[in-house]
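The chains carry the letters A, B, C and D, assigned in the order they are written, with residues numbered from 1 in each.
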């Protein structure tokens, strides 16, 4: 739910020219994701955790205006003074925020005005990056941060639109149906990871959020990770075995949630005339048994693992696997245009670490030893959410390939299901 | 909140030709009211009692399709089978309804599709009315009923849009500001009404809802009614006298509501820098002290009357006044384009009985003696709401002049404030 | 829920001596009703509408201390200054009240201390009534009022204890089981009432609450009343005919309540192994088909009447029947010790008007024409509850025979079921 | 909130004789704690997290009946079959449970009956322990577990009674006021702890809960712990510095909680006429500035530490300090009869590790590597609560000296304040 976008202590100064190109590319990608959406689609907030698309479009722009243009441009005149309040998400040190659960009550400024806001800020950022005078490193770093922030919101746009469309009994599609994939999934292998004292966390000059550091040592126990994600077919066995009716498989809070929210399957599964289907961004489709299970909560991931007499990986175990020499950070990312996880290829070795679905870990989201958030409003983004959330790793089919890293820590509360989240087993 | 649109037992058969003209006029009026609205404006449901404009546009069309075209056209093919469920308001005998509080979760069908739905049904109704064969009286009566139903929703559109815009801290306007009116209001006179046994309720062949009949006798006590509505200036005295802090002035439920909802003034009043303002459909304006107070609940109307050592009229008293020989059903209706009440003119006699604001009466909304709702789904519209609501009379600045009658009974719960509702005193 | 205990404008001055006797008798009756209860029974508040017995015992005593001793005794020293706050129910003009829903959080003062409080105030009232000096009429009237107030709370004690015990899966009994009554009920006859202009409301010098007056004229339509109450057997037919599954039988608010609260039968009915049972103050018993149905809400009474193609009586119709020359205000009152309604005897004529169960009327609880509450805190008791409640008439098996009158108006919200309330049909 | 009482894998078999003595001692201690309470005090449940004392008394007895007598006694006849349901807390594998939030709705069985239940079970356990035949180790271990379980509930009784009494505006006392202690607190020193790979967790044959093991290695960073607890005086500086008004000091969830629950100080602090007071089990007392701050949540502990530019200890750091050779597990436990924390003595070195207040750690409550809950219902007690809770260490003034250990892990959600919980700083 909470975005995290703080540069690490000493990132490499990116040159203005390449940053300008990067800026245009990321901002256009947002526009492309919104191209299939009508003005009506962009207004609705289907639950308190989600936001209207028009809000995402404005807020990411507000970020550049607030944290780049205001400090960098002398006597800066804001595009609209009311936007500071309207499009602030949760930065107490910037000022008061329009209440999050009421974001869906606003029809004005309309989508056209918000697009105009984007274009105006884009032009001003463009001027800044092409001006004669050299920019402070801090400004360049904040622009880079803003682009990663925007990529996080691209992913949220897909998740929020999917949730909004899922509330509609017509099950409307965001894009055209993809072909059905009925391959059988790759065999599941168990792959041993390293043990003993190991390094963990971000280091080096490339961009990372503050919560990925500092680099520190951890002690790993002997363990093995599954070579691929849990599939829909495997998860269906859990459902069929009464998984949602057996309290002994669940954490106590998870069992309460099952009861209160009447969970009987993953978020977008529907049983129609004895046929299991899944709502996707391409509309309602028959459940692909070979594809990874998606839109499960931590509670479900944990219960499933217990039922299999396994457990979830810790984030340290995951990071070791993801930084192994032979592993490439490639996978089914947003650039594939599928917006849905796909079955593991049958090649051997560790698969699907990146892309497809975010992988729930067993690790509560806590600060690394020695972590200190940076000063000022930017410091609010990560540290203050380190409570009652769990870490997810590896990115998903809604994540940009240019956004993910082995040290990347995503986090959500244990009952969250509307993100593209799935399961890898450990033991 | 609840619409009421049942024809009385024996309405006059309107000829097809004049009905066709009337149909076009009423449907176009709806379109005109929506002309200033963007697609974004038409999607939002700002509270459970309100509905999105796109829903109003579709539901009124659904009414004609369900209650006219389906019974009248052989082998009728619905425009879209899902609309029967999506746009049913509360007719259990038609079938299940999409949950009312979730109307704001739907972006599809979009505004353009809904407008297309309206045009298609308009064309089919047009064919029906111009076809060779003569139509049943029942069908003609239901068309007339549908037009009155549509007029009720025109009024709801204005009230719902006003509420939605009022949630926006930018206080956007629906239409251009009208000139400020700072006349002093007419003097308030007390006018005695008739007493003893009198007739009440609808009779004759003209259209009326079922709840306006049957004609029956009532016993009136001696009484007087105020010659005009309570003004903002008068109501401000109540506010200034601590009206909202004095429990002894309020019904117990009203006092609870004051506390729970933090009421300190009528719904759209705001005190900015010691200046009282009022949110209107033309945006935020200084409070016009001469204009009638508007957007007060029954609880506030009742407390104000108690503070003045008066009371509210009963609906029988109001109807006697409104059927007096010299009274004309004219006033500030929606056709004036003001969408806001205006001060009483200084001429003598009873004023403002019609238009400006709906007048809360002291009468709980109950069936008249001998009332029976008609058979079938149409019978659900009025009778089932006769509980915990109060009757309002006279229409408002959002009501069409062709929609109101002396016997017209509007009704809302005692805490409702988002309608154009005000106060006339009695004693 | 709300008590009503205001003397009418000019009650007869009761002599000190007889008042003293009456005082002792009423107060002892309260003690007797509490005799079967343990200290634990007296602490619990099983829902916000109910109060702990220890609170009833203290509040009724507080009433005498606040409204009699404080004004009547020079330099009066309260038994405990904190009681003014702790045991004030809803009298804003006396001062702040301890929050009603938290009455069940208090274990101190304990039951013994509260009994001691009762004895101390009893002694002081006794001194007052036997002192040499003659008391003001106002004081005597307030003592009489306090005794009627206490009788209302006696009835609430039985209803609240019944509700509290019903929450216990052990279904404990308050008193010993009474014998099962399996008589067949009397035949139901239809008895025509008077029509035209008639007098209604309290007059004369005997005690009555303020809301029973003033005496005024009403216009009655032709009508008939059922000669006896609806029985469990008759109501069971409604249940068996799908009464709780058919929205067309219900008021809209009633239907919502059925769904939200999962109503499928009257409050204390339970179906155990295909046998209908009823929780009573004597524990769980087989349902007596001949006895009057009890613990139904207005919504259920109204739906049942609609299903029978009848309606509920108005309070004017009921009062005419109850003041007919041949009718005696006798019946199954609390003095019988049954604490449960019993079948109608098979004699002809109007039966069960008094006692057994309170009879829901079709009349919203509104002020009679010309009604004005008295000045001061005492004026808060009746007038401020005249909203969203319905009138019940005739007393119940939990009402004292010395407490009821033909003009007595009890009132509860339409969803209230924990009182001893039932149904008489009209048409 | 959740009790944890599972024996470790292989505890030492305690001899029947010494266990019998221990059983009597622990059970009597419960009775002594309840001696000052009236039957009324024992019925009330003042919030969903708390339970009535009568429930604690019955549930701890139910534990022995369910987990010892039923398996150990052939053809065991339960004292009352309904108790299995009524007094089961959360053991799904035993059967359904009476809903936790409704424990305060039950007046029966009354306190006397529950005491009788205790005596009956005590006698049967006594017979079991003095019988000829030798008991299984498993039975002996479960009895020992039951005694630790009972001690946990002794602590809950004090915390729950304190909360219940605090809801009463009379602020009643549980015991006589203790003398005021106005010593100045010991100087705070910083004491370095060990670093590198260390052992952690329970081992050996003495009793411990399952969640204290298995013994495993952890990696400690360089760190220092404060030599004593944070005092009221120190915490008051935080309050005076606007600690509860500054969002930058708080976790995001904590800041939400501050706003929703209107926190302005620790749970039982009250500012009366500019004097800070604290509600204690001896009634309302002036705030003792030298005593440890108590009844703070994790959120408050964390915010306070951030304000001091420190942090909370991890549970590994705490356990290393608590197992240092010179440290004795002595302190201000329940046996002192104070039921309130007291100032640190001015001697040097590490102080107050045990007793006074539970110390919030920075560690989310998670399973140790290799942890597996035992099979059967007993396995439900610890594992299923390992989510969204934080570990507390060291026991409090409400803990028995015979109940605490260096490896003991208590746990509560981060907003819980009604336990005797306080703060030790780390850096």
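By definition in this document, contacts are C-beta pairs under 8 Å (C-beta built on N, C-alpha and C of every residue); 3 or more make two chains touch, one makes a residue touch a chain.
What you see is a predicted model, and the numbers here were worked out from it, not measured in a lab.
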Chain labels contacting subunit A and also subunit B: none
Common touching chains of subunit D and subunit C: none
Subunit B-subunit C separation of Cα centroids, rounded to whole Å: 38
Subunit B and subunit D, separation of their C-alpha mean positions in angstrom: 60
Junction residues of subunit A - those touching two or more other chains: none
Every chain pair meeting the contact rule: A-B, A-D, B-C, C-D
Footprint of subunit B on subunit C - complex, ascending: 2, 90, 92-93, 197, 216-219, 221, 247-248, 250-255, 362, 364, 366, 369-370, 379-380, 384-388, 414
Complex interface listing, subunit C residues touching subunit D: 38-44, 46, 54, 82, 85-86, 98, 102, 104-111, 164-165, 167-170, 172
